[in-house]
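In what comes next, subunit A is part of two complexes: it sits with subunit B in the first one and with subunit C in the second one.
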Partner chain A sequence: MLSSLQNPRQAAAQLLNFALILSTAFMMWKGFSVAANSPSPIVVVLSGSMEPAFQRGDLLFLWNRNFLAETDVGEVVVYNVRDKDIPIVHRVVRKFGTGDKAQLLTKGDNNLADDTELYAKGQDYLERKDIIGSVVGYIPFVGYVTIMLSEHPWLKTAMLGIMGLLVVLQRE
Partner chain B sequence: MASQEKITVHNIADLKNTSDDAIPNYLNSLKFRQDNSLLDTRLALGYGAFAVAATCFLWDYKLGFEDTKYYTAAAVALYSVLNGLLTFWIGSVEKGTVYQGVAADGSKISIATSTKKLVPTYHVKVTTTPKKGSPQTIELARSFTEWFDSQGHFIARPFQTMLATTVPLIAQADPMRAAAGAVARSEELVNAGSDVLDAILAADATGADAGGAGKKSKRRKA
Partner chain C sequence: MYNSLTRIQNVFGFFTTVAFVVAAIIAASDFTSPRTPSATIKTTNVQVVKGRPHYYSTKKEEYAIIKFSLDADLSSLFTWNTKQLFVYITAEWPAPPVGDSMNQTNKAVIWDSIITSPSADYLSNLGPATLKKLKRSAEGKSIDPSRGKLSFKNQKPKYQISHPTGKIAETDDVTLHVHYNVQPWVGMLTWNQNFDFGRWKKMGQGISKAFELPAIKKKDAEKSK
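The block that comes next holds the complex of A and B.
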């Protein structure tokens, strides 16, 4: 196992395998990003505000291009509140005007009030550029792992421990 | 001596890698000049692709998505091309080649090895090209048990004998192994149990200790 490290070329080739796994995963993500024109083309639903349409942990696929029609009332969109980097998944319920400057109001299906409370100070509506994509597909529940990991940090430690143990046992 | 290192005999990847590593050791000790251009090309393509991804990551991290998306699109395209070339190179050019080199007389040698899943057989394809003349291909398939003992020690002598007796170009460079092989190969070694291999291992180890300064003992180290 370690003998291959004596030859720098072999060591470089082994390191390359690892590097290519990382970079290929990253470039696939970027490929999706570029195709969907969205900085984050796949998101996980973090709250229950869109129930019963989406549950916590659902994985959503976004599309941020308007080839055929403008983003319109009824679409479920993901937006970032100005100066905050938390994506929120809600439905467009009102639209005033057309084009890039159209004023959009959103609301969670399961919320009593619309989102004016959630917006940044002085922001009463969304514009098209605040939206990072409309939901075009989803896979239920598979994103729940990431919610578990962020809500129970000890799970990260446990997972790293198990992976480390596997590496030691497998001697690969 | 590599034979002091133990591997898991049930792991075919380990068996193959250890054997693959022994080939350059052996041939380079016979004054073959190794040509690393295949591996170097693979490294250049692979690390080139990785550099593209790393650069893309950096500008994305520093400048954000919106400002860089056209560069990112170009980087994704370039990365796919480089990765495609790499896949082509490994699958259609290297084809499992583990050694390329030039013998003292100028003949070229290229050795490709492979294994099949769950079958402990080492498939070796040796292509030799004389300075003048057409290439000649020798294929052999041998069981790993011929040069690994039951504990997983690699034993250089039977392995080198296998190569020396089947490939004329290697026989020329190592007449001693080729001749020794002709006798030993007859029956016993091929059907040898682990005790015989252990005995050879012991003999090689003591031989190396005793004649550390001798030129010939150097040859056994693989």
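The block that comes next holds the complex of A and C.
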């Protein structure tokens, strides 16, 4: 045990390896972000308001560029309500006007009413700049890990502990 | 090198690789199944009434109630990777130009429907009796293309549409458009196209004749006074 600590060269290699894994993941995330022009190009569904299309824990890929067409009615978009930082995944159901100043109204497929109640006070419609991306790709269930981690904080501690232990114990 | 930990790591790594490759193949298989959607839609009755956006509001707005008849064949959209089909009908009409940008349009959904694939029936948000009926309608089938055949006569809209200005009566050049959105089990979300793409044909018709929203209905106007 702790043999790696007696061999500084191996310890350094392990540390570098770990740093490489972390930075690769970070670079991929930022790379996606630049490609999709979205601050968070991959999101995990947190609520059931779009069921049966999306369940909690499903992974969504976003695209925030308008190469061919404007963000339109029928698209499923992720938006942030003004002054709040909770991304919401809902479908655009009304669009008045065209361009950046178009007024958009959204609604969850599984909700009876539209999102007027969810918006900030005095905000009746969304604008294009409130939207951080349209959903283009879908993988079910994969993101459930993150929901588990945020709902049961002890899991985070446990995971970090196990990972740390592995790094120390791992030989070769 | 060959302790149990690295073995677990290898097995898990192999499992995720295989899972992602299989998912990618399933997603790509969408492109191999032909899509030949078509729809005909026409309006049957158009009314404009005055109303309030919600019960406690004092604001009066004009609402258009557009009844329609729809015949659609979207059965080719149901494949083994289809989780649900979201069908929606929009009303579209031109808006006055803003600044130097012409060709402004307004679009609003007047009716929509979620059609689940039999394999996704258990996820739908329905009452127990309706759900049972839905499940029985496709007993033993994992794909049921007949669900893509829609036929409505003089259907009431789900949403009564208004405009931010509160005025919508006597709007000219309104058309109804049928759209769909295919939600896969895994892969890309797809919508109706305006052009042929490989084996996917563009939507056949699916646009109504242009019509005009009438003036506010007299009787309702008097009632609301």
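Note that the second predicted complex is superposed on the first by the 148 of 172 C-alpha atoms of A that agree within 3 Å, B and C clash if a C-alpha of one lies under 4 Å from a C-alpha of the other, contacts with A are read in each partner's own complex, and residues count from 1 in each chain.
Here, a residue touches a chain if its C-beta (ideal position, glycine included) is under 8 Å from a C-beta of that chain, and two chains touch if they have at least 3 such contacts.
Everything quoted here is computed from the prediction, not taken from an experiment.
Shared-chain residue A:Thr24: touches subunit B; no touch with subunit C. After overlaying the two complexes on the shared chain, residue contacts for A:Ala12 are found with subunit B alone; subunit C is out of touch.
Shared-chain residue A:Ser33: touches subunit B; no touch with subunit C. The wider contact with subunit A, measured as residues touched, comes from C rather than the other of subunit B and subunit C.
For subunit C in complex with subunit A, the residues that touch the partner chain are 1, 5, 23, 53, 83-84, 86, 88, 90, 95, 98, 101, 103-109, 112, 114, 116, 120, 123-125, 159, 161, 163-164, 179, 181, 183-189, 191. Across the complex, subunit A meets subunit C through its residues 51-53, 55, 72-76, 91, 93-99, 101, 103, 109-110, 116, 124-125, 135-140, 166, 170, 172.
Of all residues in subunit B, only 2, 5, 8, 14, 17-18, 21, 36, 39-40, 42-43, 46-47, 49-50, 53-54, 56-57, 60, 64-66, 69, 72-73, 75-76, 79-80, 83, 86 touch subunit A in the complex they form. By the touch criterion given at the top, residues 1, 3-4, 7, 9-10, 12-13, 16, 19-20, 22-24, 26-27, 30-31, 33-34, 37, 39, 171 of subunit A touch subunit B in their complex.
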